[in-house]
Each structure stands twice: as C-alpha cells, then as structure tokens.
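In what follows, chain A forms one complex with chain B and a second complex with chain C.
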Partner chain A sequence: MNASAPIKHTQAESDLLERFDSAKEGLSGSVAVKALREAALGQIRDRGLPHRRVEEYKYSDLRAYMKSAAPLAGAADEAAARSLIETQDGFGDLDRYRIVVANGSYLAALSDVEALASEGVTLTSVAEALAGEMGTKLVAAPKTGPSDGVIALNTAFLQGGVVITVKSGVEVSKPVELVQVATAKGAQSVRNRVELGEGAKLRLLETFVGDTGEGELNTVFDYELADKSALAATRLIVSKTDAAQLFTTIATIGAEAELKSLGFIAGPQFSRNQQFINFTGENSEAKIYGVTMAGGKSLADQTLIVDHAVPHCNSREFFKTVLDGEAKGVYQGRINVAQHAQKTDGEMMTQALLLSEDAEMANKPELEIFADDVLCAHGATSGQIDEDLLFYLRARGIPEDEAKTLLVLAFLSEAIEEYGEDDVTEGLEARVRDWLADH
Partner chain B sequence: MPAVQETIDKVKAIDVDQYKYGFVTDIESDRGAKGLSEETVRFLSAKKNEPEWMTEWRLDALRRFRQMEEPTWARVSYPKIDLDDLYYWASPKSVEGPKSLDEVDPELLATYEKLGIPLREQEILAGVEPKNRVAVDAVFDSVSVVTTFKEELKKAGVIFCSISEALREYPDLVKKYLGSVVPVTDNYYATLNSAVFSDGSFVYVPEGVRCPMELSTYFRINEQNTGQFERTLIIAEKGAYVSYLEGCTAPQRDENQLHAAVVELVALDDAEIKYSTVQNWFPGDKNGKGGIYNFVTKRGDCRGKNSKISWTQVETGSAITWKYPSCILRGENSRGEFYSIAVSNGYQQVDSGTKMIHLGKNSSSRIISKGISAGKSQNTYRGLVSAHRKASNARNFTQCDSLLIGQDCGAHTVPYIESKNASAQFEHEATTSKISDDQMFYCLQRGLSEEEAVALIVNGFVKDVIQQLPMEFAVEAQKLISISLEGSVG
Partner chain C sequence: MLEIKNLHARIAEDETEILRGIDLTINAGEVHAIMGPNGSGKSTLSYILAGKDDYEVTEGEILFNGENLLEMEPDERAAAGLFLAFQYPIEIPGVATMEFLKTAMNAQRKARGEDTLSIPDFMKRVKEAAGHLNVSMDMLKRPLNVGFSGGEKKRAEILQMSLLEPKLCVLDETDSGLDIDALRIVSEGVNKLRGPDRAMVVITHYQRLLDHIVPDVVHVLSKGRIVKTGDKDLALELEKNGYADYIDTAA
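Then we have the complex of A and B:
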C-alpha cells in the first residue's frame, strides 16, 4: 500500500527493465526525450504495471495478465509487410489511401506519400521527429489522466510512428487507412499524431495485421483538431492474439470542430482501448462509439474520459458489448464538466448482452459535474437475449442460431449505424458476423 | 397549501448559520480520559459492565484498527482527525438508572422539546398517556436515557433496548449477530466503532411477530469533543416485520465532531426491515466552519428467503457525509431497496450511495437516489450493484438524479455495475440538470416568489423518495429540505 516502498517486480516487469537496458541505445530521441523515457520507465520500475489496486485498472489487471515481456520487434521486411497487408485486408473494395507503420516504425515506401501530398496531407516519421525539436511535444502528451501506466510504457519504449498533417481547409477525398504491421514477433510501441488544420476533414481507418508473438502492442494516437475541423476515426482491434493490445487516444478538440470515433474490439485475449477527449474550443462535438465482442477467457476494456473544460460542447458516448464464454467486458466512462463549462450536453450509454452463463460485465459510467447549467445523463444496462424476441423469430421458422445472430447483429449495429460512416459499415458488420460464426 | 406555507415560513425564519438546533444543554457530564488507547477501551467497557468477551472483542478491534489506514477514495476533504484528542466516554450524570420519567433531568426534556421531537413523542417523554404509540430510545450523548414502551413491546416479544443493556441481558443474541453483517475489520471507521462504540439500539423481533409500533431513536450529540460511536443491531426473525426510524439533530459547535456509527440489520426468512433516517446534524456555518463528520457504515443482510430490507434516508445535515447503506441479498427472492435524498448547501460535502450485492437467486433491488446540491457544496452518489455467479435472474433498477442550484456546487455520479450472471438484468440511469427556466417561469408567473418556486420544484423532484417515508418523517423531511436550501437562490 505504501507508495514509497519498493515493489517486488513480476517477471514481465523484470523483462521490461531488461528490455530497456538493452534497447535504450537504439531508441531515438533528443536529450529531453531520453529524459522523458527514463522518467516513464522509472514509473514502471516504482509502481509496476497498472494493476487492480489502481482505480483506473480495477477491472483490467495488466500486471496480472502479462506473464512476460518479449523484446522490441526489429526492423521490418518490406516485402513481408506488403504481402501481409494485401492478404489480410478486411475492407476489400474500399477505395482508400494507405499509410504503413511496420514493426513500430513508419514505412514510407509502402505509404501513399505522393498521392496524399497532392491532397495537402504531409507525413512525417515520428522516429526522426523525436530527435528534433518536435520530440518533446510528441512525447509529453497533454492531459492524459493521472500518469497512466500504459502511456508510460509507450513513452519508455517508443519506437516510432507517423505524424499525419492535414492542411487547413483540406477535405481529404478518400478515407486514409493507417495500417500497423508486424512482420516479426516482438513488442511494438508506437505513437501516431493526427493534426487537422482549420476546417480540414479526414476519415481515418486504424488497422493492424500480423503477429507480435508475446510482445505487447502499445499504440497511442494523438489527435489534434483545429477549429472547424472534423475527424472520423475507426479503430479495429481484432487480432486473435495473447499479446496485450493496448490502445490510447488523446484528443484535443478546438472550436466548432467534430470528432467521431468507433472502437471495434473482437478477438484479442486482453485489450484495452482508452480514450482521453479534451474540449478546448466552444461549440464542438464528440461522438464516441464502441463495439466490443469477447469470447473464451478474454478481457475487453473500453475506457473513456471526456473532459468538458469549455462551455457549449456536446458529447455522445454509445458503447455496445457482447460477451460469450467466460469473457469479461469492461466499460469505464466519465464525463467531466468544469465549473465554467455551462450549456454542456453530455449523454452516455453502455449496454451489454451476455450470451453465456459465465460471462461477466463491469460497467462504470461516471459523471463529474461542477457547472449548474448542463444536461448530462448516463444509462447502463446488462442482460441476456430477450426470450420473447427469440421466440418471435423462432415462431416464424428461423432456427435458433440464426435468430440469435440476427438479434446480436441488430444489437451491435445500433452503434455502428449511429456512427454512420458508410465506408466502413459493411466491413464492420461482416466482422461481427464472422465473430458470431466462431462463437 | 398550508404545508407549503409552513415550509416557507420556516425558511424565512431561519438563516443559514442560525442553526435551529444549535444550542448546548448544560448538564454536568461524566467523561473518561481523552485519547484512544487500550485503557480507554477497558475503561469504557468496565463503565458499561460488559462481559469479558465483549471487552476482548473491543480490544481485538482496536489492535486491528492500529494496522489500518484512513480511506481516501471518497470525494471529501477535511483536516486530519486527531483521534487522541477525543473523549470516548461521556454520559449525562443523571443517567444512573431513572426509575420513572419524573427522575429524568428536566433540562433533558427541554432539550427534546427544542429539538422538535414530534408531539406524540414529547407527550411520551412528558409522561402523558399516549394515544398512538411510538417508542423512543433517545440517545443523549452516549447513553440511552429513556426507553419507553419497553414493557409493552416485551409483551409482543419484541426486544427494544440499548445495546449496553442487551449485552447484559441478552448476551447470546448479541454475541451471535454483532459483527456478523459488518465484520470488525470491514473498514477504518467500522473498526474504530467496534473498538469504542458507546451505545445504540438493539432490536429483536421474534418469529412471526409484526412489531406493533414504529421504533424510533433520536440521536443527539451534546458534549463538546465527544466522538459518537453508535452501534445499532436489528434482527428480524422468520416472518417478522419491523420499521425503525432514526433522526438526528445536534447543537452548534465550532469544532468538528466525529460520528462513526455502525448499523447492522439481519432479516431471516420472510422477514422485512424498514429503516428510515432523517439526518439533520449541524452542517457548519456560512463559511464552512464547524459541522459534524458523519462517517457511517450501514448494512443489511437479507439472510433468509423472501426477506426484504429497505433503506430510506433524508440527508440534509453534517459537514461531511460518508455513508453507504447497503444490502447483501443472500436469500432467494430477497429484495433490497434504497431511497435517498441528499441535500447539500453551504460548504457541505456528501459522498453517499448504496451497495446492492446480489448473491441469491431471483433477488431484486431498487435504487432511487436524488441529490440536490446548492451553495458551494459537493454531492456525490457512489454505488455498487453486483450480481455474483449464482444470482440467477437478479434484477436491479437504479435511478440517480442530481439537481444543481447555483454555479459553485458540484454533483457527481460514480456507479459500479458488475454482472457475473447472464440472466441478471441491470438497468441504470442517471441525469444531472438544473431547475429549468420553464419550470421557474411557470411558477413565478403564478405569483410564487423565487424561493417558493424552488421549494415547490425541489419537493416535486424528491417526491418518489418522500413517499417511502413513514408519515411522521415525511412532513419533517419536507421541512428540512426547504430549510437546507435556504439562501441558495437569488
């Protein structure tokens, strides 16, 4: 309990300390960045990986889950990366630009650099930026909640990633897929930054292909939305892997801007998608959706903090979870409304469907409100498939399995449809069907 | 609307820092030594002629307490309490076994009068033959002074006495149930209470008995520097029913006073316990100075099939409230209810809620919580609803609404909803809003003043909970809410 007492390191924590010693020479960064890396590692050394006694990780004990930590992945093989991307594409016909981050580093050769440049989108390698003046800005992320352990882990081992900058007034014509690839086993620690200039619009699709083996995948996305810009970001966390899948969003939203995002989880043994949304300008909107499917003994965690620091902003959070086997679903959401953030409108909903006896769901929807002229509400439900609905369908000759599939699909589609990014709707629903076929 | 008019008159008559019950009764009192130690515990236990096992139980709790750290997770802040600067034993001297009401110190009777104890109870205390019976086990500082109707209750087989008396006369019952719902080491304050609890009520309703009257206790903190550590234990045997009322007022103090009570309820098969509280302790003055620290552990155990425990609370007082009346729904078809109104004004801090722990099949629970924050206060609802593996078909409905009045207050909602059983069905909804301009406009247009309008709207907001209170309390509660919100508009 005592914070100052040295902790007994788990195998994974010892592995991480060792990993740092052997990797630190190779990790890029200015002197300031290196100091930040050391500080972040110090946090892991002193407090360990986040565990259930840390309130934010009450239901998702990363410390208990990670039995070991593999070394960082080495440089990627270009041909292998290309073939993985081509064979494992989940959105066949979708016309899009592509940006590739392979084994933790930006891979310009496979990215549509020129086509994007012609639209007004520039790409910068994070690994290179870390050595320069941009470095500390990239690493010292704003407002991420109280020294989050997953972000500290990311900072300590940060390999690279990409900075996507969309010029003011540019509306990118096609969706952009940022695909992360693992051509070899090993942990990946990636940070991507998306900067939208004033009035810019971007549709982003975040995917991952390959296998990191026993190394965790830790990716931080830093979105910065200037005034009047709009970002729609679809994130797929769908690897069937035992490696911990750790995703973080840190979003800063300017005035009259709109952020829309959907976090889609299906497959990993242990996943956490955590989002820190900060409003910095008035009259903006954030619509955050989540679709989670978990089976077997897996754990899927969607965590969210929306910080209304300025008046006249709206936020909608809508999360759907389907659980099978002995899976555990976690939803933690918090709406903060600062004292002067009058006229805030916040609405949060989390719904869970438990398909099996042994599945479990933990919902923690929070409101923290310091302003009086606000409208905030949250709702949470959990239960099993409605027997009446099932009976209705079966009475009409639909077999039980099919009827269940229909009902689950309908349940999850509510969130996908409200998200309303037509480019990806079909691809996401196909993935829901695939998952249901497996469970 | 005479009732509303009365409320408004009260509001007008009382200013925030003119706390209605802020007076000190001058009764000579008998105090133990200051400080928390084994000697204090032994002294306390000896003073109360407790059996040996009880002294040991307390000492064990004290030893465990020494290992514990004060919890910091609640959204409240206060200067550290110096437990060694408190008295753990104080009793009015006149308490040495009054044979009849005449022997009760007249000052004490006057105190109750000032407290506004409902008329009927005043009659009882004044020795008037009652028409409608409400038994009062009045706690004045740490010792039960008068227990009325004990004999009559005894006829029905109901035991209603102070816990000290129960320890002497029904040691087996106390030994069997004490600490069985709230274990000694349950939490920091419960452990402290276990070591030094002063007094409280003991109720035992035997099998099949429907308690013939509402049981009621008035707590009162009087002696300066006296920590109050009430301990209440209520047991409803198979098929029994009891309704228990608890109300609190305290005199004005500059110094903060600690109150760490423990309440344990046990409901066996088909039994029902209804526990209602109106809490109106001194909330501190206009500048947030003084006021009671109310750190309470209340828990009910629905041990039997078809048992039911219902908590209703109206919290308007105390500088700091830290209170989570909970239900362990162990029995099949057992039911837990929690109805709460928490009003905070001035610099009050409230962190309150409930826990509904579903263990038994077909258990159901309902939570209705209404938080109203005004002034510079912080009002937090913190609750847990959980269904364990075997709690098939558990049902919960939770509604927690917050109302904000003014720009400097805060309302927070922290629910934990954990379902480990697929057939458990949980619904939770929460809203936060202010009194809408439309509502205010409507009322003002019809000639109500701003304060009258707020009182009317707030009373409508909390109606669901007020309806759950016994009649005597409902009226008192409405008045309290209006008084508490005085000065929050305009």
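Then we have the complex of A and C:
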C-alpha cells in the first residue's frame, strides 16, 4: 500500500467526523465492534467519501453530491411511526406480516413478533446483538470487494436493524414487509440480516416511509441462504428526497438455493442500490432485476457484482431504466466466474429508455471469466420512445401523454413481469404512473 | 363528410413532393376506392389523413365534417371519428391487446365527453366483435400485434375499427398479406360497418378486395393526383388493362 497525503475533507466529511465524536458513546457494540466502527471511520477520514476517482463510483460521485452530513436521527416516537406506516402504505390490501425499523432501530412494538414466531420466524434487534458474540459477524461484510465506502459509512454509524431468522423447512405463508420509518429528520444507518435455514422460503418486501431531511439513508441487507432455501426480495427506493439513498445487498447463496430480487428506484435525487451476490454452493440460481426511473437532475445507480465461485450456478440480471430531464442513470453489472466454476450460466441485460435529449445513461456490463465451459452473455441498449409506436397509439385516440405512459409501463413491465411476485408488484404500476405524472 | 381541396404534400425530411393537388369529396354512406400503382401517393394520403408528422402539407386543406382536419392532433382526429386501418399494423410489446382496446375506447369517449365503459359492457362489446372476426380470447390477451400472423394483424385492425365505431374508415391496403379466407373474414367485418352515417376510403392495388367490398366510386391515383374517377367498373377495367394508360395521362 502506498501511503498517501492526508486528504482535504469536504464539509460533509468534516460533519461525519464530528457526528462520530458526538454519537459514539451512544452507538452500541462490543469492544470488537467498536474497533470495527473506528476502522470504518478511519477509512472515511483517510480516503473520504467514495468519489469519481474510485472505479466503482466513477459515475456516482457521493463525495461531490453530499454537501453536508446531518446528525443521526434520534429515537423514534412509536405513535408517529404507526401513523406514518398507516397513512403512507402503498400496498393496500396486500396480506402481509410487518417488521418495523424506525429511525435506525428495530421497533418490536410495531412488528408482528408473535405471528411470525408461530410460523418459525424469529426477530432479533441488531442494536442488542452488536453488544454480544454475534456483533462482529453482523458488521463483517464478506466478499464485498475492497472496502466499499458506503458500507464503511454504514458500519461506522450503524444504529441497528433487525435479524430475521427463518427456521429450516419453514415456508413463510405471507410476504413480510420490512418497513423502515423516519419519524424525525436525521441520518439513518441500518443493517438487517436475513437468515434462511435449509429449505426455508421467504418473500420479503423492503419499503421506506417518512422523511430523513438532509440525513442520508444508508441501509445494508445481508442475506444468508442455506441450502435449498429461497428468498424473493422486493426493494422499493421511492421518495422525492434530496438525501442520498444508499442501499447495499450482500448475499451468500448455498447449494440448490434461489435468490430473486427486484430493486425499484423512483424519485430520489441521489440513489445507489448496490448488490454483491456470492454463490457458495452448487446448482443455485440468482435472478436480479432492476427498475429505475430518474428525472430532473437526479442520479440513480444500480450496481451489482455476481460472483460465481462454484460450478453449476445460474444468474440472470435484467435491468430497465427510464430517464427524463437531465437525469443520469448508472448500471454497473459484473459477473465473475472463477476458474473452477464450470457450467456457469450467466445472462445480463440492461436497457434504457431516454425520454429527453439531455438524459444520460452509463451502462457498464462486465464479464470476467476464468472457466472454459460456461455460458455467459451480456447486452446493453439505450433508446428513445419509438415514434411509430406512439403514432399508432395516438391514431387510436390515445392522447400523447397517456400513450407515452403506456409505452413506458410496457418497457418497465418486461422486467417486473419476469420477476413475478404479482401480488407484491401489482402496486408498482401506480408508482410508475405517479412518477410519470411528476415529470 | 370529407373534403380534400387541392392537397399538396411532401416528405418532411427530404422535401420530396408526393401529393400534387388532390381534390376529393366523400359523403356519408359512400365507399370510395383509391387505386393506383406503387409510389402514386396512396399510403401518404392515408397517413396525412391520420396525422403522421413525417409529411408536410404545403398547399390545400382537408375538412372533416366541416372542421379543419390538419389542425387536429392524431388523437383528436381519432376521437372525432377518423380511423386508419394500417397497412402494416405496429407491434407493441408489453401492451396487452385487451388493455389497449379499453384504453383507446375510453380515451375517445372521454375526449367526446362521454362516460367511460363499465368492465362488463366493454367485455360484452369485445366478445361480440371478436366473435364475428374469428379473433380468439387468447389473441386478445397477447401483446398487441406481437407474434400475430399477417391475417391476425389485419383482423385485429378491423376489430379495433368495429369497437371504435368511426365515422370515416380509411383502409390502407387491408388486403395485402391476406389469403382468400382471411380476405373474406376481413371483408365481411368491413361490410358489417357500412351504413348511411359512415363513409369509407378503401386503398388498394388490386381489384380483388373490391369484389368483396363493393365501392360506390373508384379513383385512380397517379403521381400524386387523381387522374380518373368512375364507378366500380373502373376497377375491373384497371384489372384488365393495368395502370399504363393513366400513368401516361398524368405525365
């Protein structure tokens, strides 16, 4: 390692160092966890927030975007959290269990603890677990590439979250919504862990309600799928906030297991949904979908690395992006196939629809293959709305705006329909329409 | 119903002149056939009527029930009762045919200040019209025109026409790509829609379609002008002698 000169801190970086000094007494954790927090903060202190000269953040310069860093949100008011969840719920009649993380901490009082327990699902507070033996395991981020800056930020300020453990063989009967709430302004740094026992099945819906003001929202999900388990995770990053929306998935997939995920982004000024998918057992599958809508001067980034470390696994990545105004979309997808990971089948596609002249899409699909008996493909397209299609719809009496809406919905629905989970995703059409109505 | 006066038009992109002074009057209840060789401007005329902005009108006017058609947007024209059956119906992935039909019918009703259709009412209309045209429910569930055969696409066009109940139907080479049976089904669908309040413009290369959809008036279009107008016998004469006589006349 080269020693480099100390960097000149931005306002946000100075704010973060100050935030740490004032918050560290209150941040929980064993001695080992505290050391990990210090190390993570050291990374921010030494290298700054991730910026464009860091390859992984070339198109999404968080350092330039964050003008300041607000303090962490204080403890949540239970009644306020309940009311936000009730009034801002976007899933209407969807029959589901609910788990609440409010202002960065697991809120058992609003979570369906008993009903989930009766199905074989236990919930553990991350804030409490950090103090115990499990602490370092929760904070350690295996195989995420060299010290990701967003994860470091998450670790340094980690407030809490929830560990969802599904017992072996249990197929949870209803979708589980993990709703993250902000009852007060302030940054949130949350880590949730989902542990599926052998043969367990879970459908997870990850949502957010409230307003963090100028405080960034930094949430890490750590999925661990034991053999023969299956997880379908639908993540909604939907809000009109200026606060940076930073989401990370770290997934470890055992043998004969299946991970399916949809990352749905609409509205924030700056968002990054990054996923690190690791196969550790054979004959498994990961299907990763992305649906992104960005307008104005916003930036939306979907980044993923799929690591085929073992043979006989399939991965499918299908990402759709719609951009308007001067928005910028980023897709970085990388499939790594290790030398002995024979019979890997990887297929990656990213497609962008640009509704304006000034919108910009950065598509960066990458394959790194060391095995010689694999099937891997990738494709990337960017285009505008087809005028012939638009004319046909208008010639049938459909006004221009509605015709464009139909075509955008059609474009995005290809990924949503392939993802499936119809009961959960049927409400997304309304969100696409809402977004289009705003642009 | 439709009055075209001294219409001149060119391709917007390269300014190639296509229509060179068309005069045409069509009254309610009439079926006019427009025939002519390739490149005579038949399809251009149909696109200009529907409002495609690839073409530029340089002279003349079009009145549709007394209104200046050229000032209307394509969707306004449709809501006012103009329907173009496309020569090449466009495939629209991701938009289910049924959903498209409902959106189009309700958009036109809304534009005219009428109530939107209830789901049962809509379904009843679709089922009835689809039955006549041999369009299956399976087809209606598929994305619009995607994977449809040539015949299926044309039947889907006529289905849309039946449901939208336009005042003026413009059929652009609806016979192209159809076998005998499909031609019969499509023609029956079109004939069903003939009525005293409705006019039709049938654009075709061949007389064959006009055996099924018998026109009141036949026009010959050549090099952007109508060079001859007659009754249905004109079509028979063209079938026998070809367009050579009229091309010379125009030149």
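As a convention for this text, the second predicted complex is superposed on the first by the 436 of 439 C-alpha atoms of A that agree within 3 Å, B and C clash if a C-alpha of one lies under 4 Å from a C-alpha of the other, contacts with A are read in each partner's own complex, and residues count from 1 in each chain.
Assume a contact is a pair of C-beta atoms (placed from the backbone, for glycine too) under 8 Å apart; a residue touches a chain by one contact, two chains touch by 3 or more.
These figures come from a predicted structure and were not determined experimentally.
Participant: With the two complexes superposed on chain A, say which partner A:Glu414 touches: chain B (first), chain C (second), both, or neither.
Facilitator: In the superposed model, A:Glu414 contacts chain C only, not chain B.
Participant: Between chain B (first) and chain C (second), which does A:Leu406 come into contact with in this model arrangement: first, second, both, or neither?
Facilitator: A:Leu406 contacts chain C only, not chain B.
Participant: Which partner does A:Val162 contact after superposing on A: first (chain B), second (chain C), both, neither?
Facilitator: Neither: A:Val162 stays clear of chain B and chain C.
Participant: Applying the document's definition of touch, where does A:Ile369 land relative to chain B and chain C: first, second, both, or neither?
Facilitator: First partner only.
Participant: Which partner does A:Ile398 contact after superposing on A: first (chain B), second (chain C), both, neither?
Facilitator: The second partner, chain C, only.
Participant: Once the shared chain is lined up, is A:Glu55 touching chain B (first), chain C (second), both, or neither of them?
Facilitator: Only chain B is touched by A:Glu55; chain C is not.
Participant: Considering only touches as defined above, state whether A:Leu202 meets chain B (first), chain C (second), both or neither.
Facilitator: neither
Participant: Between chain B and chain C, pick out the one touching the greater number of residues of chain A.
Facilitator: Touched residues of chain A are more numerous for B.
Participant: Under the definition above, what is the set of chain C residues touching chain A in their complex?
Facilitator: 50-53, 73-75, 77-79, 84, 86, 89-90, 92-95, 100, 103-105, 107-108, 111, 143, 160, 164
Participant: Can you list the residues on chain A that touch chain B in the complex?
Facilitator: Residues 1, 55, 339, 352, 354-384 of chain A touch chain B in their complex.
Participant: Inside the complex, what are the residues of chain B that reach chain A?
Facilitator: Touching chain A: residues 69, 73, 389, 402, 404-434 of chain B.
Participant: What does chain A use to touch chain C in their complex?
Facilitator: Going by the criterion above, the answer is residues 388-389, 391-400, 402-403, 406-407, 409-411, 413-414.
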